[in-house]
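Labels run A, B and C following the written order; every chain starts at residue 1.
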Amino acid sequence: MIATFSFLARRLSQGALIVFLAALIVFTLLRVGPGDPARMLAGGLSDQASVDALSEKMGLNDPFLVQFGKYVGGIVLHGDFGQSYIRSESGLSVGGGHGDDQTRSDRADVLSLLGSRLPLSLGLALAGLGLALLVSAPIGIYAGLRAGKWQESLSIMGSSLLVSMPSFWIAGLLVLLISIKLKWLPAVGYEGPRYLILPAIVLAIEMAPIFIRTWSSAISSMTRRDFVRVAPVRGLGQRQIFSRHVLRGAAVPFINTLGVMLTSLIGSLLVIEFVFDFPGLGKLTVEAVLQRDFPLVQAIAIIISAFFVLVNIAVDFVSGLFDPRLDY
Amino acid sequence: MTSDISTAPLAAPKPALPSTRELAMGKRIWLATRSSPWFLLGAGLFGLLLLMALVSVFVFQVDPTKMNFVDKFTPPIFSEGANPAFPLGTDQLGRDMLSRALVGLQITFLIGLAATALSFVIGSAVGLYAGFVGGKIDQLLMRVVDIQMSIPPIILAITILGLARATPALVIAVLVLATWPNYARLTRAGALAERGQEYVRAARVLGASDIRIILLMVAPVALPPMAFAAVFDLARMMIFECVLDFLGIGLQPPTPTLGVIIADGRKYLINAWWIAVLPGVFLMLLLLSLNMMGTALERARNAVFEGAK
Amino acid sequence: MTEKLLSVSELSVANAARPGDAPILDHVSFDVAPGEALAIIGRSGAGKSVLGRSLMGWTEAPLTVTGGSVSLGGEEVLEAAPDALRRIRGTGIGYVGADPTRVFDPTLPVGRQIAEKYRAVRPGVSMKEALERVHELFNLVRIPEARHRMEELPSKYSGGMIQRAAIVDAMIGETKLVIADNVTQPLDVTVAAQIIRLFQDLRERLGTAFIFITSSVPTIKDFADRIVVMDKGRIVESGPTRQLLEAPQTEASGQLIAQSPKIWGTTAPESLSASDELNRPAALSITAVRRTYKVPRKDKLFGSVFVQAVRGADFDVYPGESLAIVGESGCGKSTLMRLLTWLEEPDDGAVHFHGKNVGTFTKKERFDLRAQLQLVLQDPYGSIPAHWTIGRTISESLRLHSDLGGKARRARVEATMAEVGLDPALYDKLPSGLSAGQRQRINVARAIVLEPTVLLLDETFSALDPMEQTPLIELFRTLQRERAITCIFISHDLALVRRVASRVAVMYLGRIVEIGSNENVFGRPLHPYTRALLSAAPTIEASPYDPGECLVDGEPPSPIRLPKGCAFAERCPVSRPECLESDPMLRNTLARGRIACHFPLARGMLESAETKEEISRVG
């Protein structure tokens, strides 16, 4: 109990610091880069005076650390990640160029913007992850139990092949075959759950080989462990050895891989949503970057960092449940 | 079983492990790798692709940017209307897809190679030092690694590339930034294990400095087992580079990188599928060859490490 | 011996992967009677362990049984169906190996794993009943705080305790026969002696038969009824223990017995330190040295525990002598070694090298003086970088400490190689393929090429088999004589120490408890711990100290929570109430030794006869 509490307290405080520093880095990068947000917001045709006024109003003339302080204060105290430069409340791109009639209140709140896109991405992520786990576990475990035999070689070959296919390319291929040639499934946009299927398959193709490898190498290395090899000599049955010891032991590497995959999910979603024009968080991110919508980019970066940190803590915690020796 | 006929063990003596520890790790891994069918297959494929790229550039001296409007949208061989001069067909501007794919492959490969090499050097330098010296320095460096790792690579990439015009050097920098922490972690673990070894203690008693021990003794032992990670990473970096180009934030057209070509070809997916699909086959084959070699290295490494336990 | 429990006849095992080789077991036949203690002895590679495993029907590929039978109570083991085999293994024959930490799943509590096994071999038993049974047996094998220990992970167990748990695991199904393969090999001597006593006790109480497999003859000499000697896969001789040990009929048995360690039957090396030598200024002097490590606590949010690894060690090493420091695992030997080699600074106290405090050395001085103090390590494999040529390894010392050019350096290294008995032609070779003994010679060459005045030998001979040990010890004698090197041996091997050291220091829980000449420490030990060590030492000759009387129980207390009084008091067979109250300091004895005990075994040996009051003041 105390150990758990101590672990969580320590890791969460460390994690908060890490997220804070990550936020600082992203904030700095966006500030030192070229481009003046006020100019962009005001539009290319605005005169210098109105740009300066907007700049003042947005606090862009404050010292850097003050800006950062205000920003972090807003997040911590009010959960306020600021407002999009580009998007209006309706979620459409507004863009600059309308002179000085843009006030902050017209612009979309970053948090609600993210909230509106989250469910779709979450659905896609869960579908893809679920599919990958469902397919990879039996294949990987079976291959691990057949280490050194052709079944394992086949699974290595297959996962090598899958891992070598970039998702944006395989997505194009699937669209060509399934949507264009066979006309089985829709490919672009989102108008219902059917639109989830192809992107989820692509996501699963990207993740499944990694899970297959993790399972097969974890299981086969467990079966080579001394206590597993000695277990039949102690009088234990095969079924018992597998479920109580082999599977349990393989759970730790699996959980670690799951953690890595959860964190790399962000990048995969980004690409897949872009390819399928899927209106989720990933597409929003790409658009925000291309449009230089700094508040949005910043917020996404910070939230994703926090997610990273939480996933890592969860991974270490759950691994510790399976293997109490791990010093969590 | 050690021979303990005339010794009376008061405390547990470390059993001497004969033969398995006689060769340096790196060498044993290499020996085990070399005979693996995976490695041979992967290396063969890799060599073939390399040869094709070299031949196309130096022997035929094809030009991937040469436009030829007469022959635009020529399909690849074995389909109707194919032209043997363009085995993989041509694109919307009549450019030869084979040479474009091969040149794209080269660019992607070289960027990946440079990024992997740099990540390896930076990451393993930090990891070796942190792991070997330990204590506060280790803590500090590893926190830096944690912070770096908590910024998702893709976010880092798009933040930086969204701000500045992408050049090959900048793309390499982004890839390195996203990858070096992996090496720092891996080599740190290796250095930590070597630090406790007896030969390190012997060197310390001789008065050898930390840097000397790290460079002369620890690095040659701790680094070769990381080779598998580098090979996998080379593949991963190449994909990453293509993704950046594909999203439109990496290298820009008309540079014929694979990401640019595939992004371009997507527009013509319906009537000229080969523009997007075939260059990807080359990319996939190259990645496959790397992944196979990486797998062979990783398996050899695991076998050697398990045997040495 | 008409009744047979186990009957092995014409058992042969071969390595299927190497068909041309001689069989690993060659027509082995013997019987075991119920309740009998049989020892199978032989040098390593004789096929003992394969035999032990084959009796359980446990032959892993590429080993295959090529003929013969093993029957337990009339039931054939080798051809048993999987279910029958499980029953035989669970309830017929139990197996305990040399490395019990590898028997248990490291992620589950030990007690639960044993209960799980009990339920697997005795269907119908509830988990509660199974745990109850485990508890009962934990008490029987004298695991303290059994209820609590059952719920702990294997990694929390000491070597002796996990061995006891493994014995419970082997016996829990009411097995009639237990095969113990090399079980005492990884244990400290006092703990190993306790395990042997436990086997005796279990045999008397439960009537279990034992097959004890070992290469150490002394271990079984008081335990086994009968001995079977194996050599090259065959049984070469068998007979009642006493008869076989006194009059071995074959060369193999004769050699095994002759090579067994002796302590009292050998003479101590000629003492270099005649009394006038002890009056010379010390080469290395350790005064009241302490070293405590701070370890963060896992179960608390803040706070750490302090591990007192060395608690006020005090001794001098005189020029030209060879001092041995002996002690069991966890006594602080390794920490003391790091302090002696200046790799760590003591928290308190000082290390003087030729009269100069090491702590006050400048960086430069420290580096320069390192050439005079060198170390020879234990592990012949880990201590030599595998990627360097032999010449490179040895010349590293010179590269660091001399300005010799390439040619002169090579000449010097080759000369040193010749001196330690290495062929200088090996200069450009990698160390792979060299024997442990040759590797140790590289270690020695690396250390002496700088011509040090003090040499520390950290278990240098432990990893060598007796064939390799003797010439290396001879080499050291020669070097020491010719170069007047001061040697400090750190060792756990009492028989070895008896052969090489002129003085002996005994360490217990971070302190020197007794130090004196070889003759005195082995012949007239004053500290009860020294005597306990000697009584537990497995030697082929009869020990002058009766283990029943001198042997200590339990294990040393943790260096984190040390008792107020004498650290040995809890285990001491002669402790008195005072011992629990005050901590004895080192005092001089009449025989020029020192001892830390309130009640030395020979009264009147202390320099001044002190009264009780004085003793309690010392603490």
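Everything that follows uses one rule, which is that contacts are C-beta pairs under 8 Å (C-beta built on N, C-alpha and C of every residue); 3 or more make two chains touch, one makes a residue touch a chain.
Because the structure is a prediction, the values reported are computed rather than measured.
Looking at contacts between chains, the pair that accounts for the most C-beta pairs is B-C. In terms of the distance between Cα centroids, chain B is separated most widely from C. Once the centre of each chain is set as its mean CA position, chain B and chain C turn out to be 46 Å apart. Separating the CA-averaged centres of chain A and chain C is a span of 53 Å. With each centre defined as the average position of its C-alpha atoms, the distance from chain A to chain B rounds to 22 Å.
Of all residues in chain A, only 14, 18-19, 21-22, 25-26, 29-30, 33-35, 156, 160-161, 163-166, 168-169, 172-173, 175-176, 180, 217, 221, 224, 263, 266-267, 270-271, 274-275, 285-286, 289-290, 292, 297, 300-301, 304-305, 308-309 touch chain B in the complex they form.
Interface of chain B with chain C (complex): residues 1-18, 21-27, 197-199, 201-208, 217, 220-221. Of all the residues in chain B, the ones that touch chain A in their complex are 38, 143, 146-147, 149-155, 158-160, 162-164, 235, 239, 242-243, 246-249, 259, 262, 265-266, 269-270, 273, 276-277, 280, 283-285, 287-288, 290-292, 295, 302, 306.
Interface of chain A with chain C (complex): residues 2-3, 5-6, 9-10, 226-227, 229-230, 232-237, 240, 244-245, 248-249, 322-325, 327. Within the complex formed with chain A, the chain C residues making contact are 53, 56, 58, 60, 86-87, 89-91, 95, 97, 99, 102-108, 116-117, 120-121, 153, 155, 169, 173, 298-301.
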